[in-house]
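Some structures to go through are shown next.
Same chain, two partners: subunit A is paired with subunit B first, then with subunit C.
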Partner chain A sequence: MNEVQTAPVPRRNLELVLLILALGVGAAAFYLVGSTTEGVDNSDFYVQMSIMAALALVVHVLLRIFAKYADPVILPITIALNSLGLAMIHRIDLAKGTSQSARQLLWTAIAIVIAAAVLWAVKDHRLLRRFTYIALLVSILLLLLPLIPGLGVTINGARIWIRMGSFSLQPGELAKITLSIFFAGYLSSNRDLILMAGHKFGPLQLPRLRDMAPMLIAWLLSIGVLVVQRDLGSAILFFGLFIVMVYVATARISWVLIGLLMVAVGGIVAGLTMSHVTRRLDVWLNAFDPAIYQATGGSMQIVEGLFGMADGGLFGTGLGAGSPYRVPLANSDMIIASFGEEIGLVGVTAIVLLYMLLVSRGLRAALGSRDTFGKLLAAGLSFTLGLQAVVIIGGVTRLIPLTGLATPFMAAGGSSLLANWIIIALLLLISHNSRRPTSGVSGPTDEIATPTKPKTSITKAVKSK
Partner chain B sequence: MNQAIKRVWIALTMLFIVCLGGLSYIQFFDADKLTDNALNKRQLFREFDLPRGAILVDGKPIAESVPTDDGQFEYQREYTNAEMYAHLTGYYSLANGTTQLESSLNDWLTGSSSDLLYDRLLAMFTGKKTEGASVELTLDGDLQKTAFNAIPDGVRGTVIVTDPKTGDILAMASKPTYDTNDLAVHSTSKAAENLKKVSKIDGLSPYLNPAISNLEYPGSSFKILSTVAALESGKYDLDTSINNPTSVRYKNSTRSMNNFGEGVCAREPRAKLAFIFAQSCNTPFYEISKTVGNKAFGDVAERFGFGQQLNIPQRVTPSQFPAQDADESELARMAIGQGSNKVTALQMNMAAMAIANNGVIMKPNMIDKVIAPDLRVVEEPKPEKFSTATSKEVASQLKELMAGPVTRGTAMNAAVEGVDFRAKTGTAQLRTENGVAYVNSWMTGFAPADDPQVAITVTLQDVDYDTGHNTTGAIMKKMLKAVFNK
Partner chain C sequence: MNDLVLSLFRLGFLVLIWLLVLSVVGSMRRDLAVGKRDRTGKPSARQLKKHPELAEPEAPARKPATTLAIVEGPLAGNSIPLNGQPIMFGRAQDATVVLDDDYASGRHARLFPQGSRWFIEDLGSTNGTFVGETQLSRAQAVELGQRIRIGKTVLELKA
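Entry: the complex of A and B
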C-alpha cells in the first residue's frame, strides 16, 4: 500500500508538452528558412513537419505503452535537434538546389522506426547483456565491412562506407553501440576480477592480462581498423569510449591518466609519421595561411566556417538570410557553423545547451540504474553522444583539428542518425528501468540506486503548478 | 561507480563549456578581426547581391548593375562603351577584383558611405535592399569619344582634356584598351581566362590607367617647368641672350647634350628664350639648370605637382623629379625631360593648366556629383585649388612663349584657324631600331590664350619619330576642332 503512494509518476504528459514545444521550434525554423527565401514554394513545409510530428508521436505513444517511466526530456530534446537539423539542411537545399532534406527526412523516419522497434523488442535493457560476446563479434564485423572489396567505398579519403545499390551506410556508426554493449557486458561481469586480482606497481594496481585481454583486443582491433580506414574522428570516439567505460567500472583515475598519456603519445607518433594526420595538423595550425587556404583539402572549409560564424555575431543574420552555403559541407560536418551564422552565438549556445542537457539526462539514467550493466551502458552511450558533439563543435571552432564526426541528430547523413536514434531508444529504456517502481521481487542489483523519495516530491511540485 | 559517473558528467560539462568559449571567441571577441581578414570575401559576396549605383556621363550610365538570373548573384555589372571608358571605370569583379573608379567610388556605389546613413536606415525600416548612390562624372561624352577615336588603333597613346579654371576632367582616353565586361563576368573560370587574354595585349595592363599611372620621359614638354625655373631665378628674362651651341659635353662624361638634328636651332648660336622655346633647343638648358641650382629647380617641380599625392578620386602616381640627388649632368638631363625625370600624362596636363590659369593649378577631379537613390544630391565637389605653381607674371611670360611653337615652331601642325592655341611639344628618345628612332611624343597646351577653356595633353609612347610628331599634332588638331566646333 505504501508503495503506491511513493511510486514515481510516469511524466509522459510533461513529455508531450515538451514534445509540442520542440516540434514548434523545429516548425518555426523550417518555416522561416522557406519564407525568407524569395520565390520559393514552401508547400513541402507542411508535409515534412507533419511527418516529423507523426514520428515523434509514435515514439511518445510507444513510450506510454512500453516504457512509461522513461525520462521525459530525452525525446523532446532529440526531436528538437533533429528538426532543427532538418530545417538547416532544407535551407542549404534551397540555396544550392539540392534535395538532401527529403533524404534526411526519409532517414529520420527509418531511424525512428528502428528505434521504436528496439523499444518494442528489447523492453528491458538487461536482455542485451546476454549478447555481450555476440556484440563484440558484430562490432568487428561492422568495422571490417568497408574493407571488403566491391562493398566498401572510399569517400573523402576515408574508407568507412559500404554501398548497396544507391544506399550507402557507415557501419562504424553502429559499432559504437555494439561496442558499448560489449564493454558494458564484459566489465559488469569481470569488474571484480579486474579490480581485485592483479599486480601492484608502486601506487598502480594493474589487472591480470587474462582479465583485461578481451577488452584490449576489442579496443586494439577497433582502433587498428580505423587507422587503416583513416577515420580519425571515430578513432578518438572509440578511444574515449573505452577509457570512460573502464573508468566508470573501476573508478581508477590512474588508468584514465595512462589512457590519456597513450592518446598523447599515439597522437604525436601519428602526427609525425602519418601524412594525412600531419596534413590535418598543418591545416589546423596554419589555417589562415593563404597557401593552405587555397590548397585542395586545405583550410578553406574551416576558415569559411569561421568567417560565417563571425558574420553571424551575437544574434545571427536570421534563418535564411545569411550565406552558410558558401562553406563546403554546410549541411553536414559544418552544420554548427551554419547555425552559428544564421542564429548567432545566442542560438548556437542554445543548441550546445540542448546537447549538454541530453547528455546529462543520459548520465542521470546511468546514475539511477539499478544494475551495473545498465549503469555502464547508459554512461557509455551518453558519453558517446557527448564526445561526438564536443569533438565536432571543437573542430568547427578550431579548438582542435576538424574531424569528420557527425553532429548528432543534425548533420545530414543516415548512418549517424540511425545509430544515434538507437542510442536514444536504449537510454529511454534504461531510464525507464531505473525510474519504474520496484516490484517486490527486484532483479539482482549491485548498488543501491538513488532513493526515489525526493524525486517524487519534485514531481508533485511540478504537477501542483 | 556513481562517483565515477558524476565525474564523467563534470568532465563532459567542462568540455561543453570550452566549446561555448570557442564559439564566443569566434562570434563575439574575434568577429571583427575575422570579418576584416583578407581571405574573407563575404562582404564582397553581399555587395554582389545588392543593386550597386551607376557611374554616369552626361546623365547616361557607363557602368550599371542590371538584375540577372544567372543563379550566382542577383546583379551583373554592365559597361556601356566599355572600351572607351575602360581605364576610367575599371571593373567590378569577384574573381579579378575591383579597380579604378569602381574601387575608389565603392563606398558611394554600395551605399555604405557614412553620408548615406539616412538612406541605409530608411532601407532597413522599409525592408528594402540597400541601394547604392550613383556618381555623375565631369566627363563630356562627345569629347571623350573624339579623344578615344583620335588615337589610332595599334598605338600606345593618351589624350587628356581638362578645364583649367575648375580642374574638371572633360576627357581622358587611352589605347590600347579592353572590354571591361569581359573581366566582370561572374563565372570565375571565364573571368580568369579573359584576364589572361587582356594581359597578353602589348602595352596594356588591366590594373592601370595609363593617363595617371604610367611614368614616362616628358622630353622637351618639361621645358615649360625649366623655363619657369629660369624666369623665377631672376637671372633670365625674355630679353636675355643665352649660349646655344650645337652640343655641350656633360661633366665627367664622354657623352654630350645636342640640339636636335634638323638644324633650326643651329641658326642662332646665341638666342633668346622665345627662339629657344619655339624651336625646342636643348643646350641652353644645361647652363640654365646649373644657374638655377638643384633646390630651386626641385621647388618648381614640387609646386607643379611632382612627388605630390593626388586622387581624382583614383590615385595618381606621383611624377618624379629627384633634384636633390642629381649632379650637374643629371640635373641638366632632367631639365630637358630625360634622365630620372618621369611623369604621368596628367602631370604634364597640370603644367598646361598652371600656365592657363595664371599660375594656379586647380585640383584635377572627375566627380561632378553623387546622387542618392531618391535622386537627392548628396555630394557635389567644389573646384579646389591644388597649388600655386608660379607667379602670375611668370605664368603670363610663359603664355607668351608658348605661342611660339604653334605659330612658328614645333607645334605648327596642330594649329587651327581662329583658335589662339598655346603649347609645348616634347620628344624623348627611347631607342633606335634599324636606324629608326623610337620616341615618346608629347604636346601639351591650352586655348584660347585670353580666356582658357581647356588644357589638352596628347602623348604617344614608343612610336617612330615621324609618326610621333605628325600624329600627336593631328590628334591635338582634332581635339581643338571638337572643343571649338571648328
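Entry: the complex of A and C
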C-alpha cells in the first residue's frame, strides 16, 4: 500500500464474495444430504438453495442502498449458519419423513423480510433510544402473553408459546431485543448516576436504589415470569444480558461478581426447591446412570447425542450418512449433536468459530459506535447471540446442564429465527453508523468508550470524601 | 454415487466451511487495521517507515483544562473546578450542576474526561446542546475557550 487511505471503504464487494462462499457452503451441505440419501430426487436442493440465495442477495442489495458502510462479514456468517441449519433440518426430514425444512425455509424468508424492513424503517439506531420505556413495557407484555389463558399453550413443560390458529410463536424470543433496547437506553442516560451516587459497602460501591430501580424491576419481572413459565434457558439469557449491560455501562467488575454470586445462590435454591431444575441437574451429573437414562425426560436425549458425536469422531460420518435422527429433537435443541455426528469435530469447530466471529463483529460495532446507546445496544445484542450459542452448545456437549435455548439461526423454530435476524439487522445498522464517514467534525470519536479511565478517579474521589 | 467420490465430496465440504472461516478472519484482520486509519487519516507505523516524509510534526502539548467557567445564564460568574470526574448538567436535583432554566432538560448534557481531553455529550435533551454554533449529535471534544450552550447557560473551559 503506497497511498494513505483517508476515506472509509464500504466493502460491500467483499461482502458479496463472502456471501457467495457462504451460499456455497450451504449448497454443498444440501447437495451432500440429498445425494447420500438413496431414492430421493434432488429437486428440493435447487428450490431451497435458490430461495436462500435470492433472500441473501436482497439483503445485500438493501445494504448497498441503506447501510453502505455496514460490517461486511456479519451477513455472510449469518447466511452460512442459517443454510447449514436448513440443510440439517432437511436431512432429518428425509430420515423421518417429516416436512420441517419447508416450514423453516418459510420462517427464514419471513425473518429476512422483517429484518430488511427493520433496516429500511429504522436506518439510524439512535431512533430506538426514544422508545426506552416503551421497550420495557413491550418486553413485559411479550413475556406475559403466554400466561393468558386461551392464548398461551404449554409445550414440553414450558409455557412460553402463544397460538393463533395454526400459527405459534414464542414471544419471549422477541423480548430479548426489546429488553436490550431498554437496558441500553436507560443505562446510557443514567450511567453517571449509577456510577457516582451511592453508598460504599466494603470494596464495592452500590448505587442508590432509585437509580437502579427500573433496571431491577425489569430484571425481576423477566426472571419472575420465566420461573413461572419454567423456561430456564431464557432466565439464564436475561440474567446474563442484565449483568453484561451493567458491566459494559459502568466498567465495574464488582457488578460481575455480584451477578455471579446471585447466579450461584439462585442456582442452589432452584436446584434444591424446583423439581424440574433438580431433574435437569441430575440428568447432567448422572447422565450415564441406566435409571436416569430410561426415565421419561431423563438423559436419553443427551446421551444419544453424545454417542452420535463420538461416532462422528474427527471428520464425521459425512452428511446424510450418520443416524442423528435417533436423538429426540435432532433438528432443534440437539442440532449441534447432529452436526457433531455428521461433520465431526472439524466441522463443529468451524461452526463454533463462525458464532465467535459473529459475536466479535458485533462487539467491534459496539467499540466503533459513536454514541453510548449504540455501544450498549450492540454489546448487549451480540452478547445475547453469543450466550445463546454457549448455553445450548455447552448443554448438548454436557459441559453445563442442558436447557432449552435455540441454537441461533440453526435450530428449527420460527420465533428464534425471527428474533435473531432482527438482531442481525440492528447490528448491521449500528456497524454502518460506526464505520460511516463523519460529517467533518473533528475528535477521536472512536475513543469514547465506557468510562474506564474516569473509573479510578471516581473511586479515589469517593475515598477522599 | 461412487464411494471414493463421495468421500472426496465430504472432505471438500469440510475444506469449504474452513475456507469460509479463514476468509472471514482474513478480511477482519484488514478491516481492523483499516478502521483505525480511516477515521484519523493518519499513516500507519508501517507506512511511516516507508515514507518518513508523511510523519506529522509533534503537536504542541495541550494545556489541560482545570476549571469550567459559567459565562452566561442564571449562574453566570461561577466556576467549577474540574477534578477528573464527569459533570452532569440539568434541572434535575441529582445533576452535578443544577440549572434553574426553563430551556434546559432534567438531564441535559454531561461533560466527561477521556484521556487528556474533555468531551461533551447531549443526554437526549429537548432543546439540544451547542458547541459554538453547531448542535451536538454525538459526544464531541471541547477545546479551551469554546462556548458550550445549554439552554440560557453558556460554559467555557479554562486552563
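Just so it is clear, the second predicted complex is superposed on the first by the 435 of 465 C-alpha atoms of A that agree within 3 Å, B and C clash if a C-alpha of one lies under 4 Å from a C-alpha of the other, contacts with A are read in each partner's own complex, and residues count from 1 in each chain.
The rule is short, and it goes like this: a residue touches a chain if its C-beta (ideal position, glycine included) is under 8 Å from a C-beta of that chain, and two chains touch if they have at least 3 such contacts.
Quick caveat: nothing in here was measured; it's all calculated off a predicted structure.
Asker: Taking the superposition as given, does A:L399 touch the first partner, subunit B, the second, subunit C, both, or neither?
Answerer: It touches subunit B, and subunit C stays clear.
Asker: With the two complexes superposed on chain A, say which partner A:T372 touches: subunit B (first), subunit C (second), both, or neither.
Answerer: Touch status of A:T372: both partners.
Asker: With both structures superposed, pick whichever of subunit B and subunit C touches the larger number of subunit A residues.
Answerer: Tallying touched residues of subunit A, the top partner is C.
Asker: A:G386 in the overlay: touching subunit B, subunit C, both, or neither? Say first, second, both or neither.
Answerer: A:G386 contacts subunit B only, not subunit C.
Asker: Between subunit B (first) and subunit C (second), which does A:V248 come into contact with in this model arrangement: first, second, both, or neither?
Answerer: Only subunit B; A:V248 stays clear of subunit C.
Asker: Tell me the contact category for A:P324 with respect to subunit B and subunit C: first, second, both or neither.
Answerer: So A:P324 meets neither subunit B nor subunit C here.
Asker: From the superposed pair, tell me which subunit A residues show up as contacts to subunit B and also as contacts to subunit C.
Answerer: Residues 344, 360, 372, 446-447 of subunit A touch both subunit B and subunit C.
Asker: Across the complex, what residues on subunit A touch subunit B?
Answerer: It comes out as residues 244, 247-251, 288, 290, 293, 303, 306-314, 323, 326, 340, 344-345, 348-349, 352, 355-356, 359-360, 363, 366-367, 372, 375, 379, 383, 386-387, 389-390, 393-394, 397-399, 446-447, 450.
Asker: Quick one: which bits of subunit C touch subunit A in the complex? Just the residue numbers, please.
Answerer: For subunit C paired with subunit A, touching residues are 1, 6-7, 9-14, 16-21, 23-25, 27-28, 31-32, 34-43, 47, 54, 83-86, 88, 94, 107, 110, 112-115, 119, 121, 123-124, 134, 138-141.
Asker: Give the list of subunit B residues in touch with subunit A in this complex.
Answerer: Residues 1-9, 12-13, 15-16, 18-20, 22-28, 30-32, 34-35, 37-40, 42, 45-46 of subunit B touch subunit A in their complex.
Asker: Which positions of subunit A touch subunit C when the two form their complex?
Answerer: 1, 4-9, 11, 14, 17-18, 21-22, 24-25, 28-29, 31-32, 35-36, 71-73, 76-77, 80, 84, 129-130, 189-190, 192-193, 195-197, 315-316, 318-319, 343-344, 346-347, 350-351, 353-354, 357, 360-361, 364, 368, 370-372, 435, 437-438, 441-448, 451, 453-454, 457-458, 461
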